[in-house]
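Each of the next two complexes has subunit A plus one more chain, namely subunit B in the first and subunit C in the second.
For the complex of A and B:
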């Protein structure tokens, strides 16, 4: 086994160590630890990805060389390192780009604790991507919930604390359901490792015995992860959570944490239930319908909002809807489209949150749309980043959003399933997206009735400029050179089983 | 019907406890009661999981008399899982209580609806 096969485990352990060390450091040092850590994890993911592409097969890594029924395993092919690399880069841009707001929103004595939480979130995201054991998945889901609540509640506003309570309640109901599902599966099969579970579930499904408990377990696990990732109608925690947290947290929570849960669901569908069983169970139709409902309801709520952060938050609910629509559509192309949209949203949403917070900052700290008139001229960099993000969410060519929407339509056409509803949903939701993002763009670029002030220089905000340029470059690079990425996703998905 | 309920009394008790906890968590406005509901819900899941690992007539899985035959002992894995679960639920409860303390210090009530209204008013004043 090559050295690269050790990297996933090392990355997880390194993140845990870094978070423990950061608790003792000063804020500035802890911030640098997180930056170096994310860069290292991204670099390591590239090495693992190269190994995966070279091997063309998934590696199962036994921790401590204990064989299957006793030991705990990690598993990685192409998809996992690819997603983890992109997540690490996005996390780096969030931490660097939102640093100014972190200084403003968090008491100086507690700033190092923020980075403890961020390191923990990175560790849990990696573990959720790589683990091959269902119960390990559950434990890291809970750690992720606690760390996410930490980066949310560290801003001491009344509304933020309230949002944290609501977020915790929804999350705990979700993870409770997930745990019950695991217990049911364990009592049915006696396994917790994914490969053993998969063969046991397939045998159980084929024999027709214990059909109801098995369905119950699948429903509970899917439902739990849907609640935690904020699928309609469980998206009510989103606007407050993203709207009142510090922008860096909003970017991490909307772009990465909810995506980690969805990716775990995809893993579980592939590696535990098995594609045949899951797509014969009827659960996928429910996901499809709820996804479309989320796309439309989320967008309509975003149109009715008069505050920029809450608008972006409701738009997240709509984008989560897209992802679940793709999952429900089909196991092959639909899921590729869903994973592509996971990456699109992970790269775009943090850019939107970070740039919107800069636009609010130069508008006297007021979040209402009225106050944002002409804000893009006061901070051109934030304006550009917001424009690129908005256009990507609408789905204009050259951005990732376009490719994602194209892939959804392509999946519906190619597999000739649910063609009309998919295209209709895409069309309606694109019109709605365009409505609220274009309205905001026109507002921030329109200077009527605004006295001009000298624009903020790039040199005055190097962190934000770095993050904005990095995220925009990723977005456009992935949008222009989409073909190799799609091929990697397709290959990665095919060896995921 | 009654007999099968009696035979499955542990899972039935777990389901009832879970329902009690779940409705308390969802429907009560008092934050402390919500946290209690959460704990009841977790306990129900642990009760169910522990009962899965227990096999009547066998001993706890600790070798004392040199007998290494696995059929002499109960299944240790669910107990391990429950232990992990308890650790998780303790830390989650601590976090929820910390949030409750912070809200109480600020608003002097535990009623979530009232807190919500007060927080909204606070926001309006700031604008």
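For the complex of A and C:
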């Protein structure tokens, strides 16, 4: 076994160690620990990715002295290290770019605890990506839920506390359903390891016995993860959660945490239920319909919003809808499009939250659109980042958003399933997206009726500039050089099963 | 910047939430951003709170019924699914497969632990348990985030004083019971690989003993043993030891290397490889977390 195969284990343990040590450190040191950690994890992921591409097959990594059904196991091919690397880079940009706001929003005595939580979230994201065992997935979902509430409620505002309570209730309902689903599956099959579960589920489905509990298990697990990631009828926790937390938390929660759950769902569909069983059960149709409903309802809610953070948050609900639409569309190309959109949204949304918070900051701390008139001229860097993010969410060429929408349409054409509703939903949702993002862009670039002030220099905000440039570069690089990325995703998805 | 006062709004809020949580009070007294921006506005409130009082009352009347109907439907669906599951405890149930067989038949030989449960959670499936102990750590940190008061808890309001403190019955009972409880906790932790028990159970007993002591005698004497610094260092040390030791053992296992930890003679106190030290680490984490929760909820610091 090559040394790179040990890296996922080392990354997870390193995150756990960093979180434990950060509790003793001062805020500054803890922040640096998190930065170095995310950089190391990203670097390690690249090594694992190179190994995966070279092998062209998935590696299973035995955790301890006992082989898989008895012990735990990690599993990684191409997709997992690719996603984990991008997640780590996005997390790095969030903590660096949102640092100024962190110091404003969080009491000094608690700032190191924030980084404890962030390290734990990175550990759980890695574990959710790499685990080959359903129960391990649940354990780390628990950590992720609590840590997400932690980075949310650490900001002491009435609305944030209320949002944290609501987020926690939704999230716990989701965890509970996921747990119930695992219990059903375990009593039906007697396994927790994904490959064993898959063969047992396939046999059970073919035999037709215990059909109701099996359907129940699939529904509960899917529904639990849908609630946790904020699919349409369950997206009501989103606007307050993302709108009133500190921008760094908003970026992490919207860009990474909800995506971790969706990625786990994709893993479960592939490696536990099996594509044939899942796409014969009818659940995918529900996901497809709810996804489209989310795309449209989320966008309409975003249009009706009159402050910038909540608008971006509702736009998240719409983007989650895209991802689920892709999942429901088809197991092959549709899922590739969904994963590409996961990456698009993970890179774009934190950039939008961070830059919007800078725009708000230079507009006297006011978040209403009226106050943001001409804000991009007061902070050109934030304006650029916001513009690139908005264009990516609208789906203009050269950005990732364009490729994602192209892939959704391509999947519908190529597999000739649900062609009309998919294209129609894409068209309507794109028009709605354009409406609210273009409106905001015009607002922040229009200087009419605003007295000019000297713009904020790049040098005055090195952290934000670093994060904005990193995220923009990533966005445009992945948008321009999309073909190799799509090939990697397709190959990764094919060796996922 | 005009500060708008909305008495009507807070009135509505109170109707909405029965006064259990007044949002307007929770707003930071000295916010770095203008208060008006973060103040609650009518359109910010959940749709329920935006309704007039009469409508809210009307909604509240149907709400329990709607909830009950929804719950009944869900219960019916779940029960119908449960009825289709294999019967409880039957010998041919799917969970009685090769996994369980090996745990029972070869657990003692492979892990050295007489207590199979300890063998499973700390050796076979140790990665899950590593996650579980971090769940506790995350919860403890979240409570710290939520309750750590800005003043460090020094200006305790008199209302928080323990009413039971100084009660003679409690004190004399505690004097007898606490040492036994603590000793029993230590026994359960150290005996985890030999019999029923282990770090989670023993840690909970230890934590309970510490809390009982604090209820009877107050926090001051306890601070000599567990100050905030000891608490933080203890948890960090235990977690680091746990992660480090397990990382070593996972690494060796995955690469098929021998570890330096031997299983020893089953039944001896120093046996079962890493299970005993891991039990001690887990016990420490659980005990400190439980004591920390109590202390945080009581006085806002540890």
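By our rule, the second predicted complex is superposed on the first by the 497 of 497 C-alpha atoms of A that agree within 3 Å, B and C clash if a C-alpha of one lies under 4 Å from a C-alpha of the other, contacts with A are read in each partner's own complex, and residues count from 1 in each chain.
Going forward, contacts are C-beta pairs under 8 Å (C-beta built on N, C-alpha and C of every residue); 3 or more make two chains touch, one makes a residue touch a chain.
Since the model is a prediction, treat every value here as computed from it, not as a measurement.
Student: Let me test your reading of the model: by the given contact rule, A:456 touches which partner, first (subunit B), second (subunit C), both or neither?
Tutor: Neither: A:456 stays clear of subunit B and subunit C.
Student: Per the overlay, which chain contacts more subunit A residues, subunit B or subunit C?
Tutor: C
Student: Please indicate which partner A:212 is in contact with in the superposed arrangement: first for subunit B, second for subunit C, both, or neither.
Tutor: second
Student: Contact-wise, after the overlay, does A:158 reach subunit B, subunit C, both or neither (first, second, both, neither)?
Tutor: The answer is both, since A:158 touches subunit B and subunit C.
Student: Looking at the overlay, does A:176 come into contact with subunit B only (first), subunit C only (second), both, or neither?
Tutor: first
Student: With the two structures laid over each other on chain A, which partner does A:140 touch: subunit B (first), subunit C (second), both, or neither?
Tutor: In the superposition, A:140 contacts subunit C only.
Student: Have a look at where A:149 lands relative to subunit B and subunit C in the superposition and call it first, second, both or neither.
Tutor: Both partners, subunit B and subunit C.
Student: Does the superposition put A:17 against subunit B (first), subunit C (second), both, or neither?
Tutor: A:17 sits against subunit C, while subunit B stays out of touch.
Student: I'd like to know which partner A:187 touches here: subunit B for first, subunit C for second, both or neither.
Tutor: both
Student: From the superposed pair, tell me which subunit A residues show up as contacts to subunit B and also as contacts to subunit C.
Tutor: In the superposed arrangement, which is not itself an observed complex, subunit A uses residues 135, 139, 142, 146, 149-150, 153, 156, 158-159, 161-162, 180, 186-187, 366, 368 for both subunit B and subunit C.
Student: Using the touch definition up top, name the residues of subunit A that touch subunit C in the complex.
Tutor: 1, 5-6, 9-10, 13, 16-17, 19-21, 23-24, 61-66, 69-72, 104-105, 107, 109-110, 113-114, 116-117, 120, 123, 127, 133, 135-136, 139-140, 142-143, 146-147, 149-150, 153-154, 156-159, 161-162, 180, 184, 186-191, 200, 210-213, 215-216, 244, 306, 364-368
Student: List the residues on subunit C that touch subunit A in their complex, please.
Tutor: On the subunit C side, the touching residues are 21, 23-28, 31-34, 37-38, 40, 43-44, 77-78, 80-82, 84-86, 93-100, 102-103, 110, 123-128, 130-132, 134-135, 137-139, 141-142, 144-146, 148, 150, 152, 232-233, 235-236, 239-240, 243-244, 246-247, 249-255, 259.
Student: Note which residues of subunit A are touching subunit B in the complex, please.
Tutor: Of all residues in subunit A, those touching subunit B are 135, 139, 142, 145-146, 149-150, 153, 156, 158-159, 161-162, 164-165, 168-169, 172-173, 176, 179-180, 183, 186-187, 192, 366, 368.
Student: If we count contacts the way the header does, which residues on subunit B are in touch with subunit A in the complex?
Tutor: Checking each residue of subunit B against subunit A gives 18, 22, 25-26, 31, 34, 38, 41-42, 45, 48-49, 52, 77-78, 81, 84-85, 88, 91-92, 95-96, 99-100, 102-103, 106-107, 112, 115-116, 118-120, 122-123, 127.
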